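Everything on this sheet refers to the single structure shown next.
Letters A, B and C mark the chains in the order given here, with residues in each chain numbered from 1 onward.
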Amino acid sequence: MSMMDQPLLMTEGLGKSYGRQLGCRDVSFNLYEGEVLAIVGESGSGKSTLLQLLSTQMAPTAGRVCYRMRDGVTRDLATLGEAERRFLYRTDWGYVHQDPAMGLRMKVSAGANVGERLMAVGWEHYGRIRKSAQSWLERVEIEVGRIDDSPHTYSGGMRQRLQIARNLVTEPRLIFMDEPTGGLDVSVQARLLDLLRNLVAELGLAVVIVTHDLAVARLLSHRIMVMKEGRVIETGLTDQVLDDPREPYTQLLVSSILPA
Amino acid sequence: MNAPAYNFAYLDEQTKRMIRRAILKAIAIPGYQVPFASREMPMPYGWGTGGVQVTAAILGPDDTLKVIDQGSDDTTNAISIRKFFEKTAGVATTTTTSEATVIQTRHRIPEAPLQEHQVLVYQVPIPEPLRFLEPRETETRRMHALAEYGLMHVKLYEDIAHHGHIATSYAYPVKVNARYVMDPSPTPKFDNPKMDDCPALQLFGAGREKRIYAVPPHTTVVSLDFEDHPFERYRHEAPCALCGATDSYLDEVVIDDRGGRMFVCSDTDHCETRRADGHRGVQPEALA
Amino acid sequence: MERANTAMLQLKDAAKTFTMHLQGGIRLPVVAGVTFDAHPGECVVLSGPSGAGKSSILKIIFGNYRCDSGRVAVRHQGNVVDIAAAEPRQILDLRKNTIGYVSQFLRAVPRVAALDVVAEPLIVAGVSRDEARERAGALLRRLNIPERLWMLPPSTFSGGEQQRVNIARGFLPDLPLLLLDEPTASLDAANRAVVVALIEEKKRKSVAMVAIVHDDDVREQIADRVVDVTKFAAVA
């Protein structure tokens, strides 16, 4: 069995309760390289809690999350030391926040934003760092002439694309996205989705994307998990779940969106 | 008036002991910022309260103290600190670098090479080199703990991107003993190489920020840089107008209201010693 | 019996019912007992009136609709995979390497040029971008899509043009099983003829096809076998 046949991210019986309040319960799935998994549900469904558990920003109260590291060894993420965890975050993982200001350093230039991860893993050649930043700006369709500008001068869509470039520069294998198109105008969303779709395919990225927007899920994801009240109530191929929803709640979600 | 008005060197013995413990820890972990219970001193923050407390804690009756401010022994700040210790500790003071056993400094390292029996005490306004880009203290501590220093290069990257070269000219970050990144206090980067493998003990005190850190004698201190933009010392390209020195750090002095200026050694003791040895510079016409 | 072993696709008692929870849980039976084969180089045409479940059957085979019971066996890289029981990951792999689907309507991604829409399945399958685009262009030309449109997103095209882009996208990759849902519906005679020719070529390449066509003329030209879907009508 080759590496590619083994899951990259695995969860077993994952759960989180805040005292008596339930965050999410009994989530189990495997994610493979090149696979995009959308977690959909409304506010309070537990999808954001789940994302935080998966990305180790929060410790689960039940179950576990395992990840196949770059050396091929699958590790329970709860056993990683803080240094290892943070290294994973800077290299093999990415996290795209809904609000780009959360994921960017707003005080430094776009180039430095993209270059930071490279410098964090020991790149000490300015010319090479800059060249890499330039090529990533191009890939996310930001004019290279804007490389020394602060993200403050960027539009919302550009900031979001910059955040994506900043994440991808170390060629991570897994990206977490939290409502990446959330605060954007519809036309800007379309461009971003198209860009994400291409990058994900080209780079063979595994993605866990949390969204309440089923159109985003349809366009980007291969698989979908529908969450309600902290549980996964339906899961499967994205087009299957959206075109042939089985659960009453999923049918309600699907019927609530306007036809494309 | 026989009863001493002050305890030796102003601080009480318990406080000095507390500061010495912090200093010992700082020496044991070169470049690491040790928190300490900084006291109120009879001078405002920004006037070297951190350095004064460190000096007070290490000073003994046999010590000879020198105090410099930007290289000069005779500025208000240097004089008042010198007088402070003359009065509260009764120690001998000097302006001659080679005669001093303890040198408290603001923003300079003397030109004369330091010796093994000397201690250099720096006054530090902001001890945290990462603060420029990461304002959260919890996060910067974690970054130090895990030696995550990519952010320092982000700062240097910004310099080159905006100025074409590393424009940081003072408080230039260094890595101590191949482990901790440290702010050398706002000394000009010209002085950075003097910190490396220095025979003297270097202590850093930040009073308002309540931190002490240290570079023990003969410790490696490397200025951060890029392979293609290596660290460079900077000095004005001129000899000292007073002593003719071509290897010392120079201050630019405006001498008239027509743009006339001259460059003189920032280290006044160094300059005076050279002149006493017969060295002469070329004075600008305005003064001649 | 020997032929059965070589079937590319084998449906056995496949059934599908929709349960409409938002309408008080009423059950809408679509099809039941769906049983037929498709062999390499053969085009099976499903016939029956509108609403008989022809499109649903194609969607079940493609994995777009879940199969409630029965078996949908597809040959896939030397193995037989039952779509009715397959993991999402397997179905994705099947769609990449084995099953192609030309739907009635193009689900266009905004902003993507027609040429890239057509080339994409080849690129996903590992063909270089340049070669994929070249082959995509050749097929678009054959389907009479003027070159000036190639770099535009098909969402701006007319219905007939969109459908031809869709046909090109479906026919371009060399997949051994092709599902065709009214591929000629809004085409003129010339383009219908091109599609018929494309289907002939696929047959010569031993591709198995399941098609829905309303045009009697086209059906006569392409059908090797007609399966009457009305016999699979589900009883509520």
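The working rule: a contact is a pair of C-beta atoms (placed from the backbone, for glycine too) under 8 Å apart; a residue touches a chain by one contact, two chains touch by 3 or more.
For clarity, every value in this text was computed on a predicted model and none was experimentally measured.
Student: Which chain's C-alpha centroid is most distant from that of subunit C?
Tutor: Taking each chain's C-alpha mean as its centre, the farthest from subunit C is B.
Student: Indicate, using Cα centroids, the chain positioned nearest the centre of all protein chains shown.
Tutor: Ranked by how close its C-alpha centre lies to the overall one, first comes A.
Student: CA centre of subunit A versus CA centre of subunit C: separation in Å?
Tutor: 32
Student: If you average the CA atoms of subunit A and of subunit B, how far apart do the two points sit, in angstrom?
Tutor: Each chain reduced to its C-alpha mean, subunit A and subunit B end up 46 Å apart.
Student: In whole angstrom, what separates the CA-based centres of subunit B and subunit C?
Tutor: 77
Student: Using the touch definition up top, name the residues of subunit A that touch subunit B in the complex.
Tutor: 82-83, 86, 90, 105, 107-109, 111-112, 115-121, 123-127, 129-130, 147-148
Student: What part of subunit C is in contact with subunit A in the complex they form?
Tutor: Touch list, subunit C to subunit A: 18-22, 59, 63-66, 88-89, 91-92, 107, 109-112, 123-124.
Student: Write out the stretch or stretches of subunit B touching subunit A in their complex.
Tutor: 133, 142, 146, 148, 150-151, 153-154, 157-158, 160-162, 225-229
Student: Over in the complex, which subunit A residues touch subunit C? Could you list them?
Tutor: Going through subunit A, the ones touching subunit C are 32, 35, 190-191, 193-194, 197, 201, 219, 222-223, 236-237, 239-240, 243-244, 246-248, 251-252, 255, 260.
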